[in-house]
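Each of the next two complexes has chain A plus one other chain: chain B in the first, chain C in the second.
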Partner chain A sequence: MGQGRVELIAVSKAFGARSVVKQVTLQADPGEMLILVGPSGCGKSTLLRMVAGLEQPTNGEIRFDGRSVLDLPPQDRNVAMVFQNYALYPHMTVRENFEFPLRMRRVDSRERAERVASIAEMLALTAVLEEKPRALSGGQRQRVAMGRALVREPSVFLMDEPLSNLDAQLRVALRAEIRQIQRRLGVTTLYVTHDQVEAMTLGDRVAVLRSGELQQVGAPQDVYSKPANAFVASFIGSFGIAFYAAEWKPEIGALQLGTVAAAVPDSVRSDRGSLVVGVRGDALCIATSTGPTTFLAPIEHIELLGSERVLYVRLPFPLWDAKENVAMGSGVAGTVGIRTASGTTAAIGQQLPLEVVPDRLLFFDHAGKALTSG
Partner chain B sequence: MTTSKTFGAVVMLGVMTLFYLIPVIVMCVGSLMPDSRVLTDSLTVSRWGENLTLTNYRDVFERVQFGRFFLNSVVVTGGITIVGLFVNSLAGYALARFTFRGRRLFLFFVLVMVIVPFEAIAVPLFYLVSAVGWRDSYGVLILPFVANAFLIFFFYSFFLDIPRELEEAAWMDGASTSRIYWSVILPLAKPVFATGAILSFLFNWGAYLWPLLVTTGPEFRPLPIAIATFYTLPPLQWGDILAFGVLMTLPVIVAFVLFQRWFVESVTTSGLKG
Partner chain C sequence: MRSDGNQSALAGLLLSMPAFVGLAAFVAMPFLAAVILSCTDAQLNSPLAMRFVGTEQYRRLLSDPMIRRALANNLVFAAVVVPVQTVLALLLAVLLELVPSGKRLFRVLLFLPVVFPMSLIAVVWILLYAPGETGPMNRVLSWLTLGGWEPRDFLRDPQLAFPAIILLSLWQGVGLQMVILSAALSRIPKELYEAAAIDRAGAFAQFRHITLPQLRNPLVFTMLLTTILAFRLFEQVRIMTHGGPGDATRTLLLQAVESAFDLQQIGEASALSVVLFCIVLCISVLQQVLLDEGRRS
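After this line comes the complex of A and B, so read on.
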């Protein structure tokens, strides 16, 4: 058994004339949890299935621990996969589901029993070992699917939206559980999701895909705070982002954003005159006094999240004319959510006095590419 | 409103059931009456109970080699059903899962063959087997019916509905194609196989035309030809014919009851998401 390093080198996949994955180069280190995230239909599953060996890439190379696996059928790659619909064998009990991959690999019966027992214990499934899948709850089925994949101790573990069929509460609980188990076993994991919250909370690193193209790979925090382009900026983050057209004004030494002049980092300053500013809620703070840098923004929508209250405001700046300015996650297109304590009094329609926090702003050129702020 | 509707439905279903059941009941009752009474009394409920007898059954066994005909029917129908399930399910599976040249054409021909009645091809088929001198054998009675377009299509559409991921999971678990078929597909397909078996049995138990064409003596002839001889063999004895009918129908009912258990036990999709 190898270390579990997975490399994709310029991998492409086309179905007929339709190109679904384009020149993706990506590496997962041994023991790492790498999240593939992107909107529906962007080719995440296809990418995963190519790693599994269920699909052959049209072009490119896939290596495990430095060795090409393109010639290997799925069963010889030592990968295991959890499918979105779990694909449990309906006619077998949980125990038989666990045993099936071991039997196929001719593991002797004593070791089989041991491994099944330990995986069942780890996943809290000991009590239901003799049940058939149909007798289990959604969360249990999900765990059985994980157990069946883990029981043969794969060097690479693939999960395709394993939580998307569960309700929100269970999803959060199982998210933590998956992370724990993955850490404990130290098995390289590629995890596909279209849910950016899942991606942010679960991964060592996150790879963002769009229409088959890799946009950015990095630690969740970096992808959030230094998005490579406007798409990533809009896709990652829970409370919305809005993009505005702004003008660098050398004469005042500041960025003109609507009526507001904002100080910006040097690296942005030297660039072209007109640029795009991405504003998330955390780049705004509620002003306590009025001044030249404050402005008023109407509250359009309020979300109560228990301990906090999110105020969605529409900023009085000229919107950037591009498709990234649509609602991602929660919120209304073109509005930005500001998190406040739940005690805050606010009403829809109220004008909120705001100030921008310049070093939290994101800068892009008009093609949407990030201007590095160093 | 609802009750009167339900009542109407019950009445209608009742009438329809009677319509289908009466001939069967008459057959059973008539088979127990002396020949002289069958035509006059078997439709009169009030006289159903009068001196019933088993002589018709005895006569059936005396007049023809019932055992031989029965055996022939069982061998032929059983052979067609068992070999047919194997062949047709594999064909359906291949159509549903593999990509190969001519797949669409094959599927098209299967659909066409579902529509073509056997009677339309019986004579050309007869010329064909005569040309090679193939008559009077179980083989010639079985082989033409093994591949059955309807059953191929029946299995094909079932396999299409089995989620591909199930097979992919087994594949990744290390199972070979044949192993996947035996360990994953077949257990799921049990109810479908049971249905297929019953359909195949019913299609073929009453076969008359083909056996008549390709067999000459009682050695290989099945039950339907034997019952026909009662109509042509004087004296025409209705009681015997009805008794023969009962003896011929009974196994079908038994087979149905045996397999019925499997219909209900459908587990196809329960391993998947809720």
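After this line comes the complex of A and C, so read on.
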């Protein structure tokens, strides 16, 4: 162990004239689970394929444990990959699919049988071991793809949206399993997902990509609470974020956000005057009394999540004209979801009295770059 | 629902009527006629009336040494051509995949012999097999053996005539098999090879565990097609050797044609056709069974 450091150094990839990955420098430490997230088409799969050796970078360097692997074919990189489109061997049964990588490594038949049995059990595929992939459902196929990678003990796992096709329950269960196996084996893992909940809960660190460019790498909590820019802020987080144009008013020593004056940390008292405020649901609380810092916001949409109820409100502040600086996030555009206990009475159209929690606000300049707040 | 099903079944029947009529007129009727004629001693040039002889013709066929030789030749032809041509076609198809550009051109070139009429090909190969030192094939062999080759008259040499026919048939037939396999080969999804590469399969293992199983059905199809064609071997030998020298290149179909049109032995020719038909039918049935199995698994 202690093996399996993966380094990408200024890696770029172009297909013809189209630049798909741009100067990505990224490192996964031995045994780390690094999550790659980003919108569709941002180059996540391409990045994984370059690490696997299926695609040659146009520029840059890829190293395993300090050694360049660019001239190694996929066979010699000792990676296991879950393909986004599964790539199961259609003429082999599930068992044979699992056994194939082991056979190619000359694992003896007794050990093969043991490993296949335990993987099949873990993925709830024991009953279909003798079936061909064609006879399986989409979710089962995806689990076979998963199993074919997990049955090995590679130095790097590459997983391209391995849980995207599963129902919520199975997804949560397998997420935990993957994490456990990965920890137990101590195998460095690059894990691609669309799902930001997965990104937040599964990994040691999260790398956010956007049109081939790396936006930010960090612990999930840091990426959530200290996003490097408005794009990351809008991509990470479940219940939406809205961006407003605000004005720093030195004469009152506060930030003018629509009609509300909010106290803000010293560090963002910029001299620039005009700035952008990102507001997530957790930066708002329901006001119990009215005052100069409270305001009313209409509820536009209600989501019931079992024990919680999420109220999507539209804040009466001037919206920031974000151009292409933000992701098409969850929730209704321009609204922010506030989590409340499910007992709360609320109806669509109701005016909710709110107050901002100043130290949960996020601050950006008009280009979308975060203003460091600490 | 039910009447819908019935209606579409009826429509299907109606639509397939022309094909059925065609099949009946041009396949079933002649076959029936052949079966009936094969039980007679019909001869076109005989003044005697046609007599019913039962299975006499078939018994004669079995004991006729010329027919036995013809059947043996067909079997040898199939035994050589099917494996050799399949391996060659597969090799060419795989090599073609590796060609970076001009794949289409190569495919067309290799397919050309299939398109040319056999009569033309046969004439060209008669020239290639010309006897004497100046014959191109003799020259090539002499060059390959650094002068050690004694010029032979291929088509009149009892030992070489049939191999010469086989060689030309391979050259002519490999294109069709290659094109079918090549098309199937380019339909194998790339990611299977990618997955196999990551699972540490080298080029040979990929061929064995991905390419071959993925080509199973086209391989079965082309091999059995070639087997059928082997039993229909006729034009080459008719044009180039007339079954000779001796009976060295005699085949069943040649024998049937000769007894029907040269000797006017309609009864015997019919019996031979029926036998040939049954052989081909058996191979076709085998093909269907194997292909269905392949599809199911």
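Following the convention adopted for this analysis, the second predicted complex is superposed on the first by the 325 of 374 C-alpha atoms of A that agree within 3 Å, B and C clash if a C-alpha of one lies under 4 Å from a C-alpha of the other, contacts with A are read in each partner's own complex, and residues count from 1 in each chain.
Simple rule for what comes next: a contact is a pair of C-beta atoms (placed from the backbone, for glycine too) under 8 Å apart; a residue touches a chain by one contact, two chains touch by 3 or more.
Note that the structure is predicted; figures quoted are calculated from it, not measured.
Trainee: With chain A superposed, do chain B and chain C clash or fit?
Mentor: On the superposed model, which is not a single observed complex, chain B and chain C clash.
Trainee: Based on the superposed arrangement, let me know which partner A:N165 touches: chain B (first), chain C (second), both, or neither?
Mentor: So A:N165 only meets chain B here.
Trainee: Answer with first, second, both or neither: which of chain B and chain C does A:P133 touch in the superposed model?
Mentor: A:P133 contacts chain B only, not chain C.
Trainee: Touch test for A:F83: chain B only (first), chain C only (second), both, or neither?
Mentor: A:F83 sits against chain B and chain C alike.
Trainee: Can A:L54 be said to touch chain B (first), chain C (second), both, or neither?
Mentor: both
Trainee: Who does A:P74 touch here: chain B (first), chain C (second), both, or neither?
Mentor: In the superposition, A:P74 contacts both chain B and chain C.
Trainee: Which partner does A:R105 contact after superposing on A: first (chain B), second (chain C), both, neither?
Mentor: Both chain B and chain C are touched by A:R105.
Trainee: If you stack the two complexes on chain A, which partner ends up touching A:K369: first (chain B), second (chain C), both, or neither?
Mentor: In the superposed model, A:K369 contacts neither chain B nor chain C.
Trainee: Need the overlap of the two footprints on chain A, from chain B and from chain C, as residue ranges.
Mentor: Correct list for chain A: 52-54, 73-75, 79-81, 83, 85, 87-91, 100-101, 104-105, 132, 148, 152.
Trainee: If you look only at chain B, which of its residues touch chain A in the complex?
Mentor: 163, 165-166, 168-175, 179, 183-184, 187-188, 267-274
Trainee: In their complex, what parts of chain A are in touch with chain C?
Mentor: 52-54, 73-75, 77, 79-81, 83, 85, 87-92, 100-101, 104-105, 132, 148, 152
Trainee: Can you list the chain C residues touching chain A in their complex?
Mentor: 189, 191-192, 194-202, 205, 209-210, 213-214, 216, 297
Trainee: Can you name the residues of chain A that touch chain B in the complex?
Mentor: 52-54, 73-75, 79-81, 83-91, 100-101, 104-105, 132-134, 138, 141, 148, 152, 165
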